[in-house]
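Next come two complexes, and both contain subunit A; in the first it sits with subunit B, in the second with subunit C.
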Partner chain A sequence: MSQDAVKTKFFPPDRSFYTPVNMVVGCIMAVGLLFTVLRFTGGLSMVTNLDDNYPWGLWIGFDLMAGVALAAGGYTTSAACYLFGMKRFHSAVRPAILTAFLGYALVVVSLHYDVGRPWRLPYPLFWSQGTTSLLFEVGLCVALYLTVLFLEYSVTALEWLGLKKLRHIIHRLTLVLTIFGVILSTLHQSSLGALFIIAPSKLHPLWYSQYLAVYFFISSMFAGLSMVIFEGSLSHKYFHDKMDDTYLGEHDGVVLGFAKGASFIMFAYLVIKVIGIAMDNTWHYLGSGYGMWFLVEMLGFVALPGFLYAVAVRDRNFGLIRKAALITVLGIVLNRLNVCLIAFNWYLPLEDRYFPHIGEIGLTIFMVTIGVVAFKFIVTRMPIFYEHPDYKESH
Partner chain B sequence: MHDVIYTLQDFMLHTKNITYILMGVGLVAYVAFWNFLTGKDDDHEAAGKEE
Partner chain C sequence: MSVSRRKFLAWMGGAGLSTAVGRKAFAASNKHFEGYPDSFGVLHDTTLCVGCRSCEAACNKVNDLPQPEKSFTDLKVLDEKRRTDAAAYTVVNKYESVKKPGLPLFRKIQCNHCLEPACASACFVKAFTKTKEGAVVYDASVCVGCRYCMVACPFNIPAYEYDKVLDPRVVKCTLCHPRLLEGKLPGCVEVCPAEALTFGKREDLLALARERIRKHPDRYVHHIYGEKEMGGTSWLYITGESFEQVGMREDLGITPAPNLTAGALAVVPMVAGLWPLFLTGAYAMSRRKEKIAAEEQAGAVANAIAETNDAAEKKLAQALEKAKKEKEAAIQKEVKKALEEAVKAQEADKEEDA
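And now, the complex of A and B:
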């Protein structure tokens, strides 16, 4: 490829670079890079409020815990399409895989900021395997699943680059990769919750349960489905011109099907959360301040959107489905922050509680912005919302 | 049921009683919710075929 061809491929000439959105993104990037320099020259204390009580802060609670849950759309969508034979969801697979790939990639990038000595991240895999540790399992699964997502996504990139032979080889692995992805997701989505089982005295009894692993896994399913609906509605608004007739024709069916699935799973989640309270006999905590906060999470961010989904599916009300998806996505973020930060060390006096440093908040916004920019870069260039004309027969 | 739980036996009996009742209620409610969720599916399918 000539230099001009590369320039045209990566930076189409019909777009102005100096738009208001690009200027804001540029400012966020500049601040993010500044915090990055501070983090890697001054250490964690320069840009975080982490301490012995809170070794895990916003980067784990939001970037990792919420990020992994919201990236679950990858395995739910590909499993529905390729394993359960729901081919009517096929057009949603590529956007979902891309969202998941970028989500997991940014989780790993965030971990490099959060881990004290990031160059030692491969140690548990190659030098000293802690096979009895849940963190080892999470690390191994995330590393393998990121590889799986990269291979699944690479089919799109190879079509764009015109590398047909390599694309055909990887495309043949779709079913194996999907099965592998579902297994790995089942393992690490649940293990992220199981990590907290070791801290019964630190996590508030309303959030602590021996079934935390089950809660995290089941909530990841409706989180992923809701994220696909949420991301799809935004893409519909901003990338409508990139979508082919197949995608546009299937979109309503995807939204309705996923909303129905999410509603069904959310009802089950609500039931097992109530059963968890009954098993641990923690009813009396519901009358406390933390109890009120727990009810806000359960009723406002699980029961309400689950019911809204159901009403919207009955009435074919797509606006209501989008609202329910947004509430669910916010609810998952709230749940992960509650478990990881807000209900963690709940008995500590206020002055000892953790509040994120401006550097942590800035770098989190930086990560989300990188994800959005990368998503936009890819969907405006590669066949995500449309089928590449050379490969229409292969799907 | 006693107001105070003295032994693990008391605790398990108390929590299991409530849990089993909740499970029964949950299963019945689940069927009702499924009927509510899919209640209009046939109507929409018929409308779709007419179109």
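And now, the complex of A and C:
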């Protein structure tokens, strides 16, 4: 089938450009661009509340920490399908890889705003390697993994562009790329947590642990699975016409399988969190204000959605699964913000604590919006939710 | 490189994966770093500090820092708790005495120049160096501005030039390293009128501090802060009241910062080394499972076909047998009939003949 035929088959003529949603997106973009100009002409102090006690703020806590965790759907889905033989998840791989690729790309864009001299970001890789730093490890792995995700995603773009030869070459690398992706994800997901192991005196004892690396890695798994469910439910609502029969046919199985997997991992995560508390003997902190907050995170945003997942899978209750996925996603954001900001410098008096500047919030919304717009642009044009008719036989 | 004594990290090759280049892993050995021999330090005897802020003024001058809004002679500044920032490498804070209520206590804050600095361990471009003179110095020419050093520092010392656009730097006390190389004292030590600061070889300062504590056991707390804290620092402190009382954390422990992350770093090359095995193993197992399942399926199908064939053949054979028998019977019947007819015909012929 020719490309025109594909277009007419899958893309009915678009609606007007001036929809209310597009107007809101336009406003966010305009504000984002304004803050961007301010950031790169006035310095960090112009658009952030960062100070000497809080060198890391919302952009690290949310854009980087939560962003990377929520982009974990890429490695979990591709590993399940290609490495662990769960072929029934095949149609979920492309949306997950796309979400992950956009997520990581925006993490890197966001970092350019956050670091003082962004043009030097390649320095740790090529100029002066600080190999004793866990941040070096994070930087190296994120750079490599972004490359891997780009290659994995490029298969879709190449199909769209009709570059068959190149597409086949990269497609043949699927297995190798998947293995690389899982190794790199294991390393940097865990190292993001390990970044804080150097600061036991600053992070609240309930969140600080020698196991921080393991916590971040394990939680990234159910974060990724939940994000796939969450993204899938939104896509179903807005891009239903772009989905082929295979995708639609496999979707319920994907949701049930991922919800089941997430539930199991979440309870294992609870167990290792309790082990961490027992190990450091920090039980007595549970009675404090921070202890309450810790319990809210653990019970309200891990145990509860884990339980809801289990019940919903048993009852095949897809509405409940969607709710559990949303709570889990929020819980991961909460956890990363707790480690990075809320439980960090917990001993400081309230007036010295950090709260994000409107510029930080604005630019974070800007990044998320870019991600959503890019996602929409790609899924409405490229074979994400359906198989390109020319390549049906090859996988 | 003087600081990063243990470099564990796996270097991932261009394609993404390669060998682990582990260097001296002191954390896992019985070796123990006690600082460079004959390195310098400063002993801060807080019982002698009068809170005059001369050290702040001297620091500002020798480092060419911008003039603050309130002059250094304005002692009202001491009423608020301050920390080091981009325009002040050192500050003096005032605290309340518990022993003698109403009397103030003073303590100077600046970089403690750790023997094994957290900032240097955390920096991913090696911008910090622990020099053999004892100073921890910073090289702005490689700094990316990630500010992980500020997260890592247990004493909350490094500050950042947040308002600079093109060349923001991390700033902190240098122990006047350039002046040391010229044979001069650090600015703050040189100017202190109360002899609350003593510059010297760290070993000598430790001996001096012990001597003071021994001579005046009532005046001092029996502890030299910085001897062991975070693995030891080049700045040392003795006080008349608890260190907490003068705003110093007593819960930092004695583990040098690099040792805290040694375990997490050591795992990295293991993951890089073993994950390919586990993952290809998982892949191979799932493939094998599929293959076996396919084979079993094929076998079952073949079996079923064979069984059906057998049954059909048997049935056919039986049918053939039956047919054969029937045919034979029919033939015999026919033969018999023919014979009978022939006999009859013969008999009829005989009758005609007769």
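Quick note on the criterion: the second predicted complex is superposed on the first by the 381 of 395 C-alpha atoms of A that agree within 3 Å, B and C clash if a C-alpha of one lies under 4 Å from a C-alpha of the other, contacts with A are read in each partner's own complex, and residues count from 1 in each chain.
In this section, a contact is a pair of C-beta atoms (placed from the backbone, for glycine too) under 8 Å apart; a residue touches a chain by one contact, two chains touch by 3 or more.
In this text, all values refer to a predicted model and were calculated from it rather than measured experimentally.
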Next item on the list: Tell me which partner A:202 touches in the superposition: subunit B (first), subunit C (second), both or neither.
Entry: second
Note to self: Touch test for A:51: subunit B only (first), subunit C only (second), both, or neither?
What the structure shows: second
Notebook entry, point to check: Is the number of subunit A residues in contact higher for subunit B or for subunit C?
Noted result: C
Check: Should A:280 be classified as contacting the first partner (subunit B), the second (subunit C), both, or neither?
Finding: first
Note to self: After the superposition on A, what does A:264 contact: first (subunit B), second (subunit C), both or neither?
What the structure shows: first
Item checked: Which of subunit B and subunit C A:314 touches, first, second, both or neither -> first
Note to self: For A:140, using the defined touch cut-off, is the partner it touches subunit B, subunit C, both, or neither? Pick first, second, both or neither.
What the structure shows: second
Margin query: With both complexes superposed on chain A, which partner does A:82 reach: first (subunit B), second (subunit C), both or neither?
Written below: second
Notebook entry, point to check: Which bits of subunit B are touching subunit A when the two form their complex?
Noted result: 5, 11, 14-15, 18-19, 22-23, 26, 29-30, 33-34, 36-40, 44
Next item on the list: Quick one: which bits of subunit A touch subunit C in the complex? Just the residue numbers, please.
Entry: 40-46, 48, 50-53, 55-56, 79, 82-85, 114-118, 120-121, 123-124, 127-137, 139-141, 144, 148, 175, 179-180, 182-184, 186-187, 190-191, 194-202, 210, 212-213
Checklist line | List of subunit C residues in touch with subunit A within their complex | finding: 4, 6-9, 11-12, 16-17, 83-86, 118, 120-127, 142-148, 150-152, 154, 156, 158-169, 249, 251-253, 257-258, 260-261, 263-265, 267-268, 271-272, 275-276, 279-280, 282-283, 285-287, 289-290
Next item on the list: Using the touch rule from the top, collect the residues of subunit A that touch subunit B in their complex.
Entry: 260, 263-264, 267-268, 271, 274-275, 278-281, 310, 313-316
